[in-house]
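Each structure below is given as structure tokens.
Both of the next two complexes hold chain A, though its partner changes from chain B to chain C.
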Partner chain A sequence: MTHGLTDAQFYEMVASFLGPFYVALAVMNGLAALYIWRTGQTRGWFSVPLPLVGKKIQITNAQIWLLVATVFAILGALAWSAGSAVAALSLPSLWRETINKSTGPVIYSVGTTLGLIVLYFFRSFFVRPAVAWWIWNLMWLFLGLSMTDRDFYEIVAKPDNVPIVMLVFLLAFFTWLGTSQAVENDRRAERGEPPREKVNDEKVLVWPDLVYTELICMIALTAFLIFWAIALQAPLEEPASSVKTPNPSKAPWYFLGLQEMLVYYDPWMAGVVLPSLIVAGLMAIPYIDFNKKGNGYYTIKDRKFSYAVFQFGFLEMWVTLIVLGTLLRGPNWNFFGPYEYWDAHKVEALNNVNLSEAIWNKLFNMSLPGTPALENWPVLLRPFGQFLGLLFGRELPGTLLVLGYFIALPPVMALTVFRKFYSRMGFIRFMVMANLLLFMAALPIKMVLRWVFNLKYLIAIPEYFFNF
Partner chain B sequence: MPSLSDIVRESQIWKSVFRHPMPVDRRNRIVVMLTNFFLHLHPVSIKKQGIALSYTWCMGGVTFFLFLVETVTGVLLMFYYRPTVEWAYTDIQMLRDVHSLGIMREIHRWGAHAMVITVWLHMYRVFLTGSYKPPREFNWVVGVFLLLLTLLLSFTGYLLPWDQLAVWAITVGSNMARATPFLGHEGPGQQLLTLGGVDMITNASDARFALLGAREVGEETLNRFYILHCIAIPLAVALLLAIHFWRVRKDGGISGPL
Partner chain C sequence: MADKKRMSVEEMLAAARKADGGSQTPDSTDAAPADPPPVDSTPAAESAPAKPVPAKSASGGRPSVAEMLAMARAEKSGGAVPAEKKPSPGKSSSGKDAAKPAAKKTVAATSAEPRDTASILAAARKASKAGPMSKAEAAAKSKADPAAKAKKIVVPPLPEKPAYARLQPSVPKAKAKGAADEERRTFLGIGFWSLGAVSALWAFATLKFMFPNVRREPPSKFKVGFPDSFPAGQVQTKFKAQFGVWISNAEYNGQRQLYALKSVCTHLGCTPSWLEAEQKFKCPCHGSGFYKDGINFEGPAPRPLERCAIRIADDGQIEIDKSRTFQEEMGQWEDAACYIPV
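Showing the complex of A and B:
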């Protein structure tokens, strides 16, 4: 996309985006300051002593946001002036190098998980409007400062990747919106008050209260779509050719979480079984969530378990995997840092081993047991016999582990951590939940096994396309 | 002297369409909801918190509106598009370079991406407010089907421009199907399905073949995806949407604390 552009041409192109971008951020902060001031939410944050006059000046939140707006306005002006100024509006190259070098699938996945855990436990801090607004501003600033990096721009500004950037910001906003209401409702519950939604339950007529809201939403959305359609042209690459395989070849962005799972599982798991289980598991949610509380209002404390499972599944295992698969996976599905050039010749050593190889070759110093010949078996039954022979012969260690995981763990769970759940859910519902949870956990477990032990497959029967 | 708007509103034509005076008083604001086909999806009155934007995020409504946008722009695009290997790419090129309605393609594509996002956000909101809990369990299930169909709509539409991006994305996506257990020709258990030593599941009879209509993404696939994208899936979505909205009303309207 930026190929064939000189640096000056590239910066000119970025400037035409960054100018309006920073001005929009300035307006956003200016409006926030105005809103705080007009609604009487001005608070003094700290005071600055003036030694000459001998007085102290109160600095308020509205003034700070106005200052932030001014900074963005200056950045906008610099960006618009184009030329060499735009190049200066970037993260220091040392930072970018460090980010590139220190990131990888492990850091990324563990880091986002830890981030979510921190956000969860300190949620009452992070939902405070001032804190959330700082983070919101920093996210946009990070995007703006990164756009002047050619490699970053190349990936993020790809037309079909723009929705993912939008998704990230929208999810940040709506997660804040939902969590802040949940935190408030939980506080109210502690004081013995009903949730906020209960207070506001007077009835109003749908005409005009709802139909006008809908009309305004439709007009705003139409305007937004037309703006988007004019600003960004839909991609159209070269005509299809079955001989020129692009590298990387990627599915549409919303399936890239599944494509990322291919690193850890074979297609039959990552492409068929796990997606089917995601759909089935979503459908099962209302029937396995026996908790009657938390119906019709935002809350976390009333339904901690279901909340945590869903958030982990949606935000971590669906959305962040999509972001990883789309923005950080390059040629040959290798990991590339956000500011790294997508070099098709980058080589990553793959020295993953199967559990059976580790056990027979390394531990017992033997060669792998072979496939049973079963010559006197009927032809029709021979594949069954050979498959089972491999499963309980060569692959016995992995088979035992997997069977133990799916068959022995549910009863253990029912007797220990999920004792109360089991007694309230009954056998079938508990088994459905336990197995769905185990399948869900199978992905992070396999990830960790890969990172720590270079494990390829627990059960490896490529003869029958059965690798797990 | 009566104003023009009075004359129009007193005319027989107007009165035959709108069977009540302007909805400016309480009575007529109720009547309008009951007599207008497009408004009768709504109840007459509603709890104030049920329509608070901070509660609903408006994402279900936005998704439905995007579906309507996709339908209208999609119909317009169909006028200019022929789903054949020979013409598909050229027709899209013409939409970009020649036709004045070409912007419809941008609106259609970005609207489709937006719809995928808003349907996720709608599900997210419904989960966070626990709105899938009784008596709304089944409507959540209908919603999951709609989510799945939205993704399939987007996926089938992705192929239609017939450029490198389209063909390889669909190739990568549909390659998964060849690993379907028992039903894919590279899936576990495939060798177990043999008749007299002949494989029943081959690359010309497996799940991937059913999806593509051929061994590789080609002419048959384009035709198949076009029909799925323009007719089969939209019809299924329309039916499920009707059920989804109907159930919202029947299950007690928008959720709220008991």
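Showing the complex of A and C:
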């Protein structure tokens, strides 16, 4: 997209985006300050002593947001002036280097998981409007400062990826919206009050209230889509060819999580079994769930388990994988930092080994056990015999591990961590839930095994297309 | 914020009930015949401030039944009658009532038939709103009158069935039933037979679709030139675009061979690219990597690339047959048809 542009031309192109961008941010903060002031929510945050006058001046939140708006306005003016000023409006190269280095698979996945845990435990802090507003501003500022980087711009400004940027911001907003209501309801429950939704459950008529709302939403969204279709060109490429695959070849943005899953599993596993299990598992939730609380109102305390599982499954294993697939996967499906040049010849030695190879070759220092010949078996039965022979011969370590994981773990879970669940759910419901949970956990486990031990497959029987 | 704006249904109901209770107490004392006229003026005085602007009554919503009744009564006794209510005939009668003793008046007020406009209005304007009700309202209502719920419906016994309606096995009727069965069976038979015929036709059409009259595919057998145009250690990529094969001259198991690898990744079927600098095939979709001899070593690909049949044709050129493939994990690379020893 920016190929063949000189730096000056590139900055001019970015400036035409960044100018309005920063002005919009300034307006956003100005409106926030105005809203706080008009609704009488001004609070003194801290006071500045004036030594000359001998008085103290209270600095309120409205003033701070007004100041932030001013800063954004100045940034907008600088960006619009183009030229070298735009180049100055970028993250320090040291930061970018650090971010590039720290976005390897392990740090990225561990970091996002830890971030999620921190957000969960300190949720009552993060949902405070002032804190959330700071984070919101910093997210936008981070995006703006990163846009001046050519490699980042290449990724983010691609029409394919615009929905992903929108997704990140929208998701942040809606997660805040839901969590803040849940935190408030939990506080009310502590005081013995009913949830907010129950206090004001005035009936609303479908006609005209709901129908009108839907109509307005429909029109607004259509207008937005038309604007989008006009403003951003369709990302068309050269005619498709069965012998030429673009490099990197990325799935549509909403399937990037699935594509990431395919890196760690066999196609039939990651392309058929696990996606079906996702759908089936989501459909099974109403039958698995035995918690009667949390019906019709936001809450976290009443439904800790469901909340944590859902947020992990959605935020960590769907959304962060989409972001990872967009920002961090480059040519040849190698890992790249968000500010790193996409070098198609980046060498990454990934000599993956199957568990059976590691055990037989490295541990016991012997060659792999072969396929049983089974000469005297009937021809029709021979493949089954050979398959079973491989499963419990060459691949025995992996088979034992997988069987232990799916068969031995659920009873252990029922006896220890999930004792209460088991007694309330009964055998079948608990087994379904435990197996769904274990399948969900299988993905991160396999990812970690790949990254840390270069493990390819626990059970590898390519002869019969069975790999796990 | 929202609770400041308006009250919830529960609160409204509570307020209404409170108002009801407050003004009902004088009413009930009113009903007692022993009480003299002064009682009549008590509710009137109570609800007098609410009278001019009913919308701004104490409960915040509209006036309750009791309040309205009290208002009406206040109008009667006070004589401050609005102009529009004057001509109604019931009004005059109730006006007469007002002059009578209190005991008689209360009978008129509590009787089933409303006499004056105000009480008609009051009867029409029920405390509960029209239309669908919310759960809270329903709960409050059911709580308010448990007596209505407890009322038992007495069902009178059904009269005896007349003779013609009684079920009796008669011969001609059974015959008709059999005929209807017969008809239905014929109909079903025709239906299923035609369904089967159409399905068979569809199946045949689908089968025919699998064997089109014209196929636009590159031939599976093609010649790629003489063996000396493939120098040692080189992977020839120029046939990939047209035929989907790489032709390599490299070592496999310590033996120098000329072989053709199919350019289809064994993971999900993308087309890998040959990276000369790293001496490997690399798939852009999920990062599978293969050595020069086609053995998989990185990424998710579970098995090596497939080889195509290769031979020296009669004219000395190399001929490749893509319709025959050889898989390493099945031990098929030992087959002499899949390589040319160099």
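Keep this in mind: the second predicted complex is superposed on the first by the 448 of 468 C-alpha atoms of A that agree within 3 Å, B and C clash if a C-alpha of one lies under 4 Å from a C-alpha of the other, contacts with A are read in each partner's own complex, and residues count from 1 in each chain.
FYI, a contact is a pair of C-beta atoms (placed from the backbone, for glycine too) under 8 Å apart; a residue touches a chain by one contact, two chains touch by 3 or more.
Remember, predicted model here, so these are calculated numbers, not experimental data.
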Inset, instruction - Superpose on chain A as described above, then tell me if chain B and chain C fit or clash. - result: fit
Legend entry - After the two structures are overlaid on chain A, angle v-u-w for chain B, chain A, chain C in degrees (C-alpha centres, nearest 10): 30
Inset, instruction - Using the touch definition from the top, say if A:E193 reaches chain B (first), chain C (second), both or neither. - result: neither
Inset, instruction - Check the residue A:E214 against both partner chains and state whether it touches chain B (first), chain C (second), both, or neither. - result: first
Inset, instruction - Classify the contacts of A:D343 with the two partner chains as first (chain B alone), second (chain C alone), both, or neither. - result: neither
Inset, instruction - Check the residue A:W333 against both partner chains and state whether it touches chain B (first), chain C (second), both, or neither. - result: second
Legend entry - Which superposed partner A:F310 touches (first chain B, second chain C, both, neither): first
Inset, instruction - For A:P246, select first, second, both or neither according to whether it touches chain B, chain C, the two together, or no partner. - result: both
Legend entry - First, second, both or neither for A:G271, with chain B first and chain C second: both
Legend entry - Contacts of A:N352 with chain B and chain C, given as first, second, both or neither: second
Inset, instruction - State whether A:P462 touches chain B only (first), chain C only (second), both chains, or neither. - result: second
Inset, instruction - Using the superposition described at the top, determine whether chain B or chain C touches more residues of chain A. - result: B
Legend entry - Shortest CA-CA distance in Å separating chain B from chain C in the superposed model: 5
Legend entry - On chain A, positions contacted by chain B and by chain C: 199-203, 205, 241-242, 244-246, 249, 259, 266-267, 271, 465
Inset, instruction - Name, in rising order, each residue of chain A that touches chain B in their complex. - result: 160, 162-163, 166-167, 170-171, 174, 177-178, 181-182, 194-211, 213-214, 217-218, 221-222, 225-226, 228-230, 232-242, 244-246, 249-252, 254-255, 258-259, 266-268, 270-273, 279, 282-283, 285-287, 289, 291-299, 303, 307, 310, 314, 379-380, 383-384, 387, 461, 464-466
Inset, instruction - Could you please specify the touching residues of chain C with respect to chain A in the complex? - result: 2-3, 6, 8-9, 131-136, 240-242, 244, 263, 267-268, 270-273, 275, 277-278, 282-287, 289, 297-300, 302-303, 329-330
Inset, instruction - Over in the complex, which chain B residues touch chain A? Could you list them? - result: 23, 26, 29-30, 32-33, 39, 42-49, 51-55, 57-58, 61-62, 65-66, 69, 85, 89, 92-93, 96, 103, 105-107, 109-111, 113-114, 116-117, 120-121, 124-125, 127-134, 136-138, 140-141, 144, 147-148, 151, 154-155, 158, 161-169, 171-173, 175-181, 184, 186-192, 194, 197, 216-217, 255-258
Inset, instruction - Give every residue of chain A touching chain C within the complex, in rising order. - result: 199-203, 205, 241-249, 259, 262-267, 271, 331-334, 344-345, 347, 349-352, 456-457, 460, 462-463, 465, 467
